[in-house]
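What follows is chain A paired twice: with chain B in the first complex and chain C in the second.
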Partner chain A sequence: MLERTSFREGLRYRGGSSMWAWMLHRITGLGVLLFLSIHILETFTLSFGPDFYNNTMELYNTIFFRVAEIGLLFAVLYHAINGIRITIQDFWPALWRYERALVWAGFVILIFVFIPLAVWGLLPVFRGEL
Partner chain B sequence: MASYPPAPPTGRFEMYSWLFMRVSGIVLLVMAVFHLLLMHYGIGVEQLNYQVVATRWGSPWWRLYDFFLLLLALTHGMNGARILMDEYLRAGGWRLVLKIVLSLLYLLLLVMGAWVIVTF
Partner chain C sequence: MRVRFDIKRYDPEKDEAPYFQNYEVELGETDRVLDGLNEIRWRQDGTLTFRRSCEHGICGSDAMRINGRNRLACKTLIREVGRRVRIEPLLGFPVVRDLVVDQQRFFQDYRSVLPFLVNDDPPPPRERLQSPEARRRFDDTTKCILCAACTTACPSAWGNDSFLGPAAIVQAHRFIFDTRDHATVERLARLAGRCGVWACRTAYNCTMACPREIQVTRAIAEVKRAALLGGP
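After this line comes the complex of A and B, so read on.
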């Protein structure tokens, strides 16, 4: 059975890195789902012809969306890396003993993948092209 | 009290849900990350327009790829939202209403996405 809990109780729990990894997994998951919903609606406008779709796509070429894209990149990478960690631990339960170390390893991998891609993605903003 | 490490949930539906999240997660790790890197760093979002989509979807394989990505990502995401509702909302009327809204949203977005991939 699933046990019910509240967000405040979750914060009070103070579970350390493992708890934050779990919280962030849920927050990034919801964030990616929100983007996916917008992305499906925007792709659907292909049905309204080239002009409508091209105008819709222009919305993405703004500073707001360029920065939001970096948030999306972070959310997808974090959710993917943390998700694969959970899956590996679930199928090899002995690894649960090393959860804290694996959480930190995940963060390190994330930083090494995320930072270069974030800088690359923000180059047009740095160059003042947007 | 929950056991540690957490045991997979019991019950047929929740067991399949648990397994689905892990299997689809591994597939999405490859498919969604590749899609994101290709679109944002390979082609570039500023290059995307109607003509680019027409060229890409000229190949049925890309349509198939995008359809499976849509199906897996949306199902994975909406099932995740369902689990959050189960865990954070009190059982009863409002939770049921929100879960029905979520289900309808899932079906609507799935149909809209699939429609445009097939008919474009």
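After this line comes the complex of A and C, so read on.
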């Protein structure tokens, strides 16, 4: 119904925690989509023979890709947890009063799941194996 | 105290691009932002253009972005915003001049949800009675003054120019949940599409922007439910 507003103008609007949660939801969604395209490309290299594929897969055993995988883990977890939060709020409209608390609750759950998994995933980096 | 106003100005007939102009005004902390704007217009710069009518938070004319957030200038006290006030027009509307925006499409969308009682039954001898409980069901959404603060604060509306926006949904809510109304099917047909309630991403900017403290996101969620279940 409105004219399109530029991303910059939108960022300048002082919205609440849910607006930032929504923005991060979009960014992580795009991040997961980016991974999906890389994943399809990487699987596609199999059609050039096993050696080509194996060499491509070796790329994942570098520090850069390992850290990027932790980023992917964050994106998937955040997108899932925040998505569930929004679904809950849409089905129980009376929860609007606890909007801020629910955003933070989502972050607390995220941290508890993400940190141990991230540390575990980065162990080879800490040990200098990559 | 001296309050500095940074106001975004733009006259499409003269200016190439919008620019900020500063004014200093002597105001008390219980004065309103609108008092500052009036002071500027009356005594410093008669070319500053903005809308205001009732000046008491009922007509909804003076919604604008005050320090980055949509509010009514007549309901915002200086002590809430401090000594520096940044004022910009509502986002997403074409600027007619300075803070005056063209709300044509806003009202078009408002009309498209049939914002009036539809009931073709022969009128009863006195009035169409309703229980207090049934009336309470939509009490919150009767408070809307159509100031457009919610719709222009909505990130979904910024990015999706065919989204109806929160204000139109609030108006639809007011009639969908009214037991005397018979046009729920027609309204939901308009609202259940991709440009209706499902474009809402539950970001709550509308609820925070509403100067009448309507629980806008809640009303939208209730309409979502009605759209899902086929009725209120």
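Basically, the second predicted complex is superposed on the first by the 126 of 130 C-alpha atoms of A that agree within 3 Å, B and C clash if a C-alpha of one lies under 4 Å from a C-alpha of the other, contacts with A are read in each partner's own complex, and residues count from 1 in each chain.
The rule is short, and it goes like this: a contact is a pair of C-beta atoms (placed from the backbone, for glycine too) under 8 Å apart; a residue touches a chain by one contact, two chains touch by 3 or more.
Just so it is clear, the model here is predicted, and its values are computed rather than measured.
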Of the two partner chains, chain B (first) and chain C (second), which one does A:120 touch, if any: first, second, both, or neither?
first
Superposed model, chain A: greater residue contact from chain B or chain C:
B
Taking the superposition on A as described, I'd like to know which of chain B and chain C A:19 touches: first, second, both or neither.
second
Partner chain in contact with A:89 - chain B first, chain C second, else both or neither:
both
On the A-aligned overlay, A:46 touches which partner chain: chain B = first, chain C = second, or both, or neither?
first
Residue by residue on chain A, keep only those touching chain B in one complex and chain C in the other, then list them.
1-5, 86, 89-91, 93, 96, 99
In their shared complex, at which residues does chain A touch chain B?
1-7, 26, 29-30, 32-33, 36-37, 40-41, 43-44, 46-47, 49-50, 53-54, 57, 60-61, 65, 69, 72-73, 76-77, 80, 83-84, 86-87, 89-91, 93, 96, 99, 117, 120-121, 124
Report the residues of chain C in contact with chain A in the complex, numbered from low to high.
65, 67-69, 91-94, 105-106, 108-109, 151-153, 155, 157-159, 161-165, 168, 201-205, 207-208, 215, 217-219, 221-222, 224-225
In the complex with chain C, residue positions of chain A that touch it
1-5, 9-10, 12-16, 18-19, 21-23, 25, 86, 89-91, 93-94, 96, 99
List of chain B residues in touch with chain A within their complex:
2, 4-5, 8-10, 14, 22, 25-26, 28-29, 32-33, 36, 40-41, 45-46, 48-51, 53, 70, 73-74, 77-78, 80-81, 83-84, 86-88, 90-91, 105, 109, 112-113, 115-116, 119-120
